[in-house]
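Chain naming follows the written order as A, B, C and D, and within any one chain the residues start at number 1.
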Amino acid sequence: MYLALIELDRDTSPKGLSMQKLFRRVLVLGLISSLALSIPLTTSAGASSKKPADKKTATKKPAAKKPAAKKAAPTVLRMLRMGDWSNAFGPSRNSSGTDHIINFMIFDNLVKIAPDEKTILPALATKWTVSKDAKKITFELRKGVKFHDGSTFDATDVAETIGFNCRINAWNYIGYRPQLWEAVVGCADLKDKKEGVPSGVKVNDPYNIEINIASADAQWLRGLTDAVYSIIPSEVHKGQEFKTWKDSDFVLAEPIGTGPYTVKKFKRYQYLELAANPNYYGGKPKIDTVFMLLAVPETNVLPLLQKGEVDIAIDVNPTLEDQVDKLADYKSVWNNTTGARYFQFRNDHPTFGDKRVRQAVLFAFDYRSYLKNVLKNRGGIRWMFPAFDQNRIPLEKYEYNPDKAKALLKASGVDLNKEYKINVLAGDSGDATMSVAMKQALEAVGMKVKLNVLEVAAWAAETRIAKADKDTWALTFNSGGSLGLGTARGFSVFDCKTPLFSYYSKCDIPELYAKLRVETDPDEIVKIENDLMKVLNDEVPFYTPWLRQTYNVVSKRVGGNFELYPNDRDSSMGIAGWTIAPKK
Amino acid sequence: MTQPLLQVSNLRVEFNSSQGHVSAVRGLSYSINEGDSMALVGESGSGKSVSALALIGLLPKKTSKITAGSVKFRGKELVGLSEKELRKIRGGSIAMIFQDPLSSLNPVLTIGQQITEQVRAHENLDKKQALKRAVELLDLVGIPSAKVRVEQYPHQLSGGMRQRAMIAMALSSKPSLLLADEPTTALDVTIQAQILELLANLQKELGMSLILITHDLGVVAGFTENLTVMYAGNAVEQGRTGEVLANPQHPYTTGLLRSIPRLDRPRADELHPIPGVAPDMSIIPAGCPFAPRCESASDKCRAEKPALETVLPGRHVACWHPESTSSMNASVTR
Amino acid sequence: MIAIRAWELLAGPSLRRSSSSFIRQGRDALSASSLPVATTESFYKIKLELYPSSRGFELLSTLVRRIGSSIVVILVTLTLIFVGLALAPGDELDTLLTPEAAAQLSPEDIAEKRAELGLDKPVPVRYAIWMSKTLSGDLGYSTSEDANVSEVLKTYVGNTAILIFAALFLGVILGVLFGILAALKENTWIDYVVGSIPIFIAGVPGFILSLGFIYFISVKLNALPAGGMHSLDDDSFLDLLKHMILPVSVLALVLAAQLVRYTRASMLEVLNSEFIIAAKSKGISSRRVTFNHAFKAALVPIISVIGLHLPEIIAGAVITETVFRWEGMGTLAVRAAGGRDVPMVMGIVVVVAITVVITNLITDIAYTIADPRVRLG
Amino acid sequence: MQIRECALAKNKKNSVTAGEVVYKTNFQEALERFKSYRLALVGSFVFSLIFLMAIFANVLAPQGPEYIDFEAVRQPPGNGHLLGTDNVGRDVWARVAFGARTSLTVGVGAVVVALAIGVTVGLLSGFMGKWVDTILMRITDAFMSVPALILIIIFIAIVGPSLLNVILVIALATWPTSARVVRGQVLTLREQEFITAARVVGVRTPKILTSHIFPNLLGPLSVVATFGVAGAILTEAGLSFLGLGVRPPISSWGQMVNLAQESQILLAEQWIFLPSGIMIVLTVLSVNFIGDGLRKAVDPKSVR
């Protein structure tokens, strides 16, 4: 009982042994035991040993710096591109920009595009002639080209590639679908067959092939530069079911193409190591090894740059510019993109059907201030779809003019105390900002607006509703990656019959696009484009206010004919000519 | 007069903990010769256990200190001794056993481990010899099948056996003085008697002197030669047990005796508990600490603190009006 | 009865609590986790009363029973999660089907793919198929990883296992050492410093800690790699070790932060108890008192806490792995969940559930070994 | 805990002379212990401030968290914006104030739902005993065998991270702890004499549960609740980092702290994420201190 009364505090510091000695002895004990543990472990090979020791003492220096330079140090380029990645190779596994870049290092198409994204350059095909009615294209193929596995490239590979793509049903393509191969005559009747080449493909001789397409398409050839249309060796997939082929080594580990680089090592979600292909027809690439860093989270980009562990970083966060300016051996490269983020109206909406309302919305928004403050002037103001020459004919610029917006609204007699719905795709920070800014702008001119935030699936479904009523969404935001590649590219955006992922109730625009795609005479093309511009600008189903520039960081050691294409995913077409100076 | 084994003079111990300042022992003095046994009796809070712990420096360093007095063991001053020196004495020449055997034995170590540990601390025996010694000690204190018990854990033994193990541990290096701090309070009455008997036999066999700390006068009666009654931190009456119990001089001792039921008294007799409450150790009164509860307290008692006076050879009382009442003559027999 | 009551009243605080919990634990063990099968239950009781057998047999019989109940737990977990996934709106197909692709495909194609993935069958049937395949070791095909679930798991489990065990190893050492130090030096500045740092660490979100490590150590001091498991051209174990140091330190710090508080608390409680004073009265050296007596007795609650914390370390690893580009179960779980990839998710749950259940078992056994008073409940 | 007679008045304050007996009800007793733990006081003060900020968010920041001002993008604190503006021109102070509302709703909401489930399961399994207990306990073990964050990630990715979903899923993953605590208490209380006494007098089970068992649960449950709130807030921050947390335009602290993923903000524009980071740490700490204080008040034997 006595203990309870008298607060007997702990007899804590034993006089005999000073605290420091005890603590030091314990620490030494801890270190020795972890040291003893780590020695046997470092000898055990393999990354997944169960119980490695780990010693966290500041004094431990990292292993010696780079090993002594060998004779002629191999040139190494390390690259990364933001954005996800499909973890596999080959045309059918092509779903993002990064897939594109990797694809062009390994494979070749019949033709490729110049940095101006307009002139078509020879690749596996040296010459090509397009028939008068733009329905038949014959290619002269390059001789003496070898695949990475040593087999020679000739017309049968091209024919078999087209045949193989026709046989796989479109379902197996994640992302981009080979619509141009599907346009070849006889491709449709090969569906789900074991083998065969479409009737529209004629192999005149081992290096001359003729391709007939069902309906005329002036842009068909330009489209062939897309990564989905790379040529793969025929032996690889001859008579193979796609189900088994898609898990084959070709797709998952060792793709075989004619490109400048071959896959040396592939560590899923970490990095891809590519070695130069010595007998590349365009001459041995100047850089021996290319590393492609994969799945790099945004937080790691700057540390990698600061530690000099990456040479080219494509499409990274523009706000990095201030930090990159502090890095001596890197430079910022801004690149006009071909992508566009656009406002998309539902013009069969009872109220928004009236174009004056749509025009009022455009006048209500202050584009210059968004460009100046948020995009930091990195980009341009656009009042017409990218790829069109917007200064060729007088067009309405819809500069910020709230009074005009109010006037138009009054003129159109729109019911101002009804609430209109703006659909917002959840998870996209860009959309989230735009929708709030648009809501504020419209409320400033008197319109009542409700933001309807939807998950991907729900948003896509609502965009594709066939018939709009007074409760359907009136305005949403959308973006397209390759709209700037060609004026005809917009055809997939407009559809007056079955809504693809956008809807334009009147059918005048789709007709003009259809004419544009077929027309081969340049003057005629300009005339159609001007008509299109007038309709698009006045009717305003879509409006692309900004041309956004992407931000890239490139080491000053990179040289040769290195150049970022406007559509940065095409840039690796010229990778064979890139050079990199060794580290100082 | 041979030199006393242990001479405690004017020992003062003070605590300052978060709850305030407490002076637990206020000038305690007593001595005990080789082979003798003495009981320290007092209510809870009278400072008897604290004084025992103070002897061998077991009080918490941070919150307590011996402010005055000296403790001489075979003439050697213990107060202020270095930890190393004290450690040789603790468990070597002075051993201690505690009140609750279960909470004084480490629950996660076997009895054997805890005994061999002490043996090897004081004599350099190897493991095997120490274990043999432990078994012998367990036999000595009368624990059946010692070989099995030595491997067992405290919770596997009964209360009595655990206390025996405690005693075995204390005796492991033949101490000349054993401090027993309420060794039987936590045990049943029947086992209490066995333990006391064991202690008495061991004391005779090993010629060891014993200080028995208890609040139970019944235990003290037929057991120790001398007796010291403590109240509020110091000794109020000392002498041979028989004499003190036969005619207690100090009113507190009388009060204690009167509040115990007696077989030899008529059942009708009422018990007279001592009025009032145990003193608040954080307040040091001017006069005699027992004054507020003492029937024959005078102004002098309240004004001045009585010192320990020798009333008869070997009998000391700290009271201004010692009661030489002989009315309480019936001596208490075991 | 009186003795026990007295003993319980007077025993030091630590013992009273553990003793009463010991009693309650005993009773809980018998009533709570005994398998409904009556026979093993009564057999087990008779065994105990008739002849208090040696610890060996007793450990074995309860071990078997514990493994039995753990298997039941894992089965219940898998069922709950599978049903939860199946009942939740939408399914795997939604994410596989990008809006463009879905628009271009005919309903038959979609139905065919749905059948291929087996999503068209009712939930119980799908569950039965999945369970039978899992029991036979085939965890199915992961759509988000385009590979067989078991292959993917092989590498990913290994990667996380290294991280978790190293963090556990370092975290326990740090946590216990500093806990003891804080307890021994109670109410001194060391105690306040060592005591307060963990409280702050507990308040900081996981990824901020990881970002801080990347910027201050990896970038500023340019000491260690900022992420990833290997440098580009080096697959050696030493390189992996170098890449491990930062993520492991983050996880270990978080674990140590919690362990310090528990160790300090249980160490203080033990240092207060009487058997420490008794031990000192035996004249043994103070180092022995601190380590042989105090730490051993304090070890008991620490072990149970370590066992409890393993799920939290795995959860912490999810964030740390994402920041440090470490291809482990965390990143896999986030990808699989994002891709609504049921086989992969179930595969992860199977592995994680088994690991956690096994560690609970190991902690219980360690607990029994450390504290002889407790029989394996 | 029955009324405790304190024979010796220890504390100096009420200068009780020896001999006077002081009676204290156990609630006062608990309150006193809670107050004696100074950090708990600091914690409750800070928490009440944050709570007030959450309630009066619309008064503190009338413009609301969503207002975008393109002219003032990434503006450091000062002129017009107390804590500056974020990367899109929204006022940081407004987002912190409204963020308090979201984070506290997530924290308290998740705990309330978790307690509801946990207490019912705990009471049922503790009180009904035998097979009910075994089944419920196996289910609790099942939930505890998968770390909460992984469970949450799996389900949030499916049902979508709306505020309600986040609360429900966090609650779903964290109710086992309270179930375990309740069951433990019920098992011990069931043995106590006063429960058998109530049964003898003919009180039916639900009455026993509400009037006898439940009040005794308040103590330990309050401890579980406070640590639960801290845990839920941290989980929400973690979810936001994985892109699974509450999404704009709703503002939550976790979401704003995540802006630190952008290196420019982390290194040069700290005013954008630091305030909400500090608020998270402050809330979590204050809640933890209150939890510690409660634990001391409820279970005095627990160590200092």
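The rule is simple: a residue touches a chain if its C-beta (ideal position, glycine included) is under 8 Å from a C-beta of that chain, and two chains touch if they have at least 3 such contacts.
No experiment lies behind these values; they were computed from the predicted model shown.
Chemist: Indicate, using Cα centroids, the chain positioned nearest the centre of all protein chains shown.
Modeler: Central chain: C.
Chemist: Please work out which of A-D and C-D is bridged by more C-beta pairs in contact, and write that pair.
Modeler: Of A-D and C-D, more C-beta pairs in contact link C-D.
Chemist: Could you please state the distance in Å, as a whole number, between where the Cα atoms of subunit A are centred and where those of subunit B are centred?
Modeler: About 88 Å, centre to centre.
Chemist: Would you kindly tell me how far, in whole Å, the mean C-alpha position of subunit D lies from that of subunit A?
Modeler: 43
Chemist: Taking each chain's centre as the mean of its CA atoms, how far is subunit C from subunit D in angstrom?
Modeler: 23
Chemist: Where the CA atoms of subunit B average out and where those of subunit D average out, how many Å apart are those spots?
Modeler: Centres of subunit B and subunit D (C-alpha means) sit 52 Å apart.
Chemist: Which parts of subunit B, given as residue numbers and ranges, touch two or more other chains?
Modeler: Residues 19, 58, 62, 83, 87 of subunit B each touch two or more of the other chains.
Chemist: Name the residues of subunit A that each touch 2 or more other chains.
Modeler: Those would be 1, 5, 8, 10-16, 297, 299, 302.
Chemist: Residues of subunit C that touch two or more other chains: which are they?
Modeler: Residue numbers touching two or more other chains: 10, 90, 211, 215, 268, 274, 277, 280, 285-286, 322.
Chemist: Hey, which residues of subunit A end up touching subunit D in the complex?
Modeler: Those in contact with subunit D are residues 5, 297-299, 301-302, 317, 319-320, 322-323, 366, 369-370, 372-374, 426-427, 429, 432-433, 435-437, 440, 451, 453, 455.
Chemist: Contact residues on subunit C for subunit B in the complex?
Modeler: Touch list, subunit C to subunit B: 2-3, 6-7, 10-12, 15, 18-19, 22, 187, 273-275, 277-286, 288, 292-293, 296-297, 299-300, 370-373.
Chemist: Quick check on the complex: what are the subunit C residues that touch subunit D?
Modeler: Going through subunit C, the ones touching subunit D are 13, 16-17, 24, 27-28, 31-34, 36, 69, 72-74, 76-77, 80-81, 84-85, 88-90, 199-200, 202-208, 211, 215, 265-266, 268-269, 311-312, 314-316, 318-319, 322, 333-334, 337-338, 340, 345, 348-349, 352-353, 356-357, 360.
Chemist: Which of the residues in subunit D come into contact with subunit A in the complex?
Modeler: It is residues 8, 66-68, 70-71, 73, 87-89, 160, 243, 247-249, 261-265, 267-268 of subunit D that touch subunit A.
Chemist: In the complex, go through subunit C and note every residue touching subunit A.
Modeler: For subunit C paired with subunit A, touching residues are 10, 90, 94-96, 98-105, 109, 112-113, 145-147, 155, 157-159, 161-162, 165-166, 169-170, 173, 177, 180-181, 183-186, 211, 214-215, 218-219, 222-230, 232-233, 235, 237-242, 244-245, 248-249, 252, 268, 271-272, 274, 276-277, 280, 285-287, 289-290, 322-323, 325, 327, 331.
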